[in-house]
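The first chain written gets the first letter, and so on, giving A, B, C, D, E and F; residue counts start at 1 in each chain.
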Amino acid sequence: MFSVTVRDHIMIAHSFTGAVFGPAQRLHGATFVVDATFRRPELDDDNIVVDIGLASEQLKTICSSLSYRNLDDDPEFSGVNTSTEFLAKLIADRLAVRIAAGELGPGAAGLTGVEVTLHESHIAWASYERTLR
Amino acid sequence: MFSVTVRDHIMIAHSFTGAVFGPAQRLHGATFVVDATFRRPELDDDNIVVDIGLASEQLKTICSSLSYRNLDDDPEFSGVNTSTEFLAKLIADRLAVRIAAGELGPGAAGLTGVEVTLHESHIAWASYERTLR
Amino acid sequence: MFSVTVRDHIMIAHSFTGAVFGPAQRLHGATFVVDATFRRPELDDDNIVVDIGLASEQLKTICSSLSYRNLDDDPEFSGVNTSTEFLAKLIADRLAVRIAAGELGPGAAGLTGVEVTLHESHIAWASYERTLR
Amino acid sequence: MFSVTVRDHIMIAHSFTGAVFGPAQRLHGATFVVDATFRRPELDDDNIVVDIGLASEQLKTICSSLSYRNLDDDPEFSGVNTSTEFLAKLIADRLAVRIAAGELGPGAAGLTGVEVTLHESHIAWASYERTLR
Amino acid sequence: MFSVTVRDHIMIAHSFTGAVFGPAQRLHGATFVVDATFRRPELDDDNIVVDIGLASEQLKTICSSLSYRNLDDDPEFSGVNTSTEFLAKLIADRLAVRIAAGELGPGAAGLTGVEVTLHESHIAWASYERTLR
Amino acid sequence: MFSVTVRDHIMIAHSFTGAVFGPAQRLHGATFVVDATFRRPELDDDNIVVDIGLASEQLKTICSSLSYRNLDDDPEFSGVNTSTEFLAKLIADRLAVRIAAGELGPGAAGLTGVEVTLHESHIAWASYERTLR
């Protein structure tokens, strides 16, 4: 199995609901360093997993749509704990939609899985891994 | 599949038995940067994999019980090569016991796997991955 | 010249005033990985720069007083751009006060300088360096 | 499942054929930080995954055979895009041959998988994972 | 003293002349992760060292002019060993020219120093530090 | 001012004397990732700070003489707290002796300073910086 990973980041504000979150129930923020991994069992005719330029661009577009915002103000996340885990899945799912739409190029049709890891600090990170197709 | 990872570290002395270990047969030591990963297929009602506060606390407790010691002096490890691989399994198994005992909170009952990676230097690390339940 | 550095982090929300900040004028957030460096020309009688336990504790106390907050809501920062640079100086100055107050132990009286670096992402960080006494 | 990883690096020149590569169609170069991971379900009698000294040596030998070269000049790679993904597989396959030949020691007969990750920058890396025997 | 650092990278081919370079006399290549640090004694009216957006853009422009090339083919570097040290100075000097030309904004007139570090691998890096004005 | 840094590591056991060390008074151990930085104001005729091959070799020789040992057993360190700070100075001073003896090559005669940083974990490190000549 082959994979390629590209890294970007977002900087957001949010708060959490639930005693389990302790002080993070207050409005605070985070830098999430975002690693997006693309997987496939065989390389394409160019000997690559995915067009890394397009993959980086699409990840940047998704990150830009989330970054420099207070996620609490986004109606899409109303009543949702925008945890690191949740955001990893959100970005992975948005990548899957763009892959299906051909925005990572025709070669990306051969991708079979995607994983997104969000690093919230030097001592904590979360991932979500899913299949494609 | 979702995962959350938290990082801590231990600083120990030990020696190894067996020609394969070369100079590491002498009493020496290591800092192990310890990454503990918790996995589950779906998030809990709070939208998280595990209470990260409890997970960090329990990892710290396990690390404290090992750290600042000469493992050669611990009767539990008598006749055992406390290799990086062995210690990764030891910490993973101790986390599994604590998860089963409810010490990572009731939500942790949904965890299906744990992995522990010990970084012994900038050029070497070892992991042990196991299922839960 | 000797130095010792310890690392901690804060997670905060804030916004900036001024066209130079672009999208960061909106309420957003950041994880700042905080490195506090302590300097002195000669080691103390214990052969150390500073009691690393106390240094870590005092840095954690300062970080806790800032973390999991919206800095825009803090009257102390009213009308202030809480930039990475500004926060690096804030934490360095607070450390200097605690050093002067003896909270890093009597040995810390020999410290001659402190530097604080805040990493806001994998591609950007800021530092402030000052003398003591 | 257990694993051990060792790190080395190569510095090479190469160029790519295909519009998908953009400016990387020109002769350029890369440092690849190479992580080689060895996997097995149970530890050997010495409580290890593999003789880490031999594993590091064999990885270094493979890296030396590739490093400080223009891969475009190597007949073995004639007409081949020596992408990060391709080189990850190349190194993994060469490790597999050496494992089978006993060059990582008799204990390495118990290895069941190998994975190689090549980091081409702080924001991009690629992996290839395969089974053994 | 305050500083701000931004990171980018270049991927180049080159060769060296001189026995001291050993195998690096052959045409090979490198990824250089480039850290550009900007220094000044006091913050500007916006509470910053430099417009980080402009600083990142200008560094990217300089990196793009060098990247994905064989430096041996550039007449500017004819007869020059384009060592990591040399390239660190080259990028620092080019940043200094752009700062003087106002391309990092009017606030950058207050900068007093710049330092550039090029990481050529996980085990080697080089820096060049200079004053401005 | 130019600098070049090379990285290596040591793995040692030791204990400390003095209440300030808390649990580290017990026999324990550490991996120290060792960064050795060489400085000079101008490059030599080869456009480099130092022969990086010789610098790496000499650092490795010094590291090997310390590594895989219990420093408490070394008569040289009798009655000495072999703190991270102390070991940084020890390695810097040993490098200085080797530079003076010509073991880093004739070009190293132009070096004006050396700094050694020892990383004891992901959250703590210490440095010692000295002049040469």
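As a working rule, a contact is a pair of C-beta atoms (placed from the backbone, for glycine too) under 8 Å apart; a residue touches a chain by one contact, two chains touch by 3 or more.
In this text, all values refer to a predicted model and were calculated from it rather than measured experimentally.
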{"item": "Which of A-B and D-E has more C-beta pairs touching across its chains", "value": "D-E"}
{"item": "Selected pair, out of D-E, B-F or A-D, that shares over half of its residue contact pairs with C-F", "value": "A-D"}
{"item": "Whole-Å gap separating subunit B and subunit E, where each centre is the average of the chain's CA atoms", "value": "41"}
{"item": "Approximate Å spacing (C-alpha centroids) for the pair subunit A, subunit C", "value": "30"}
{"item": "Interchain centroid distance [CA atoms averaged], subunit D/subunit F, Å", "value": "31"}
{"item": "Shared-contact residues (touching 2 or more other chains) in subunit C", "value": "7, 122-123"}
{"item": "Contacting residues of subunit E [partner subunit D, same complex]", "value": "7, 9, 11-14, 23-24, 26-33, 67-70, 73, 120-123"}
{"item": "Complex interface listing, subunit E residues touching subunit C", "value": "1-8, 43, 46-49, 51-53, 56, 105, 107"}
{"item": "Subunit D residues touching subunit A - in the complex, by the definition given at the top", "value": "16, 18, 20-22, 80-86, 88-89, 122-130"}
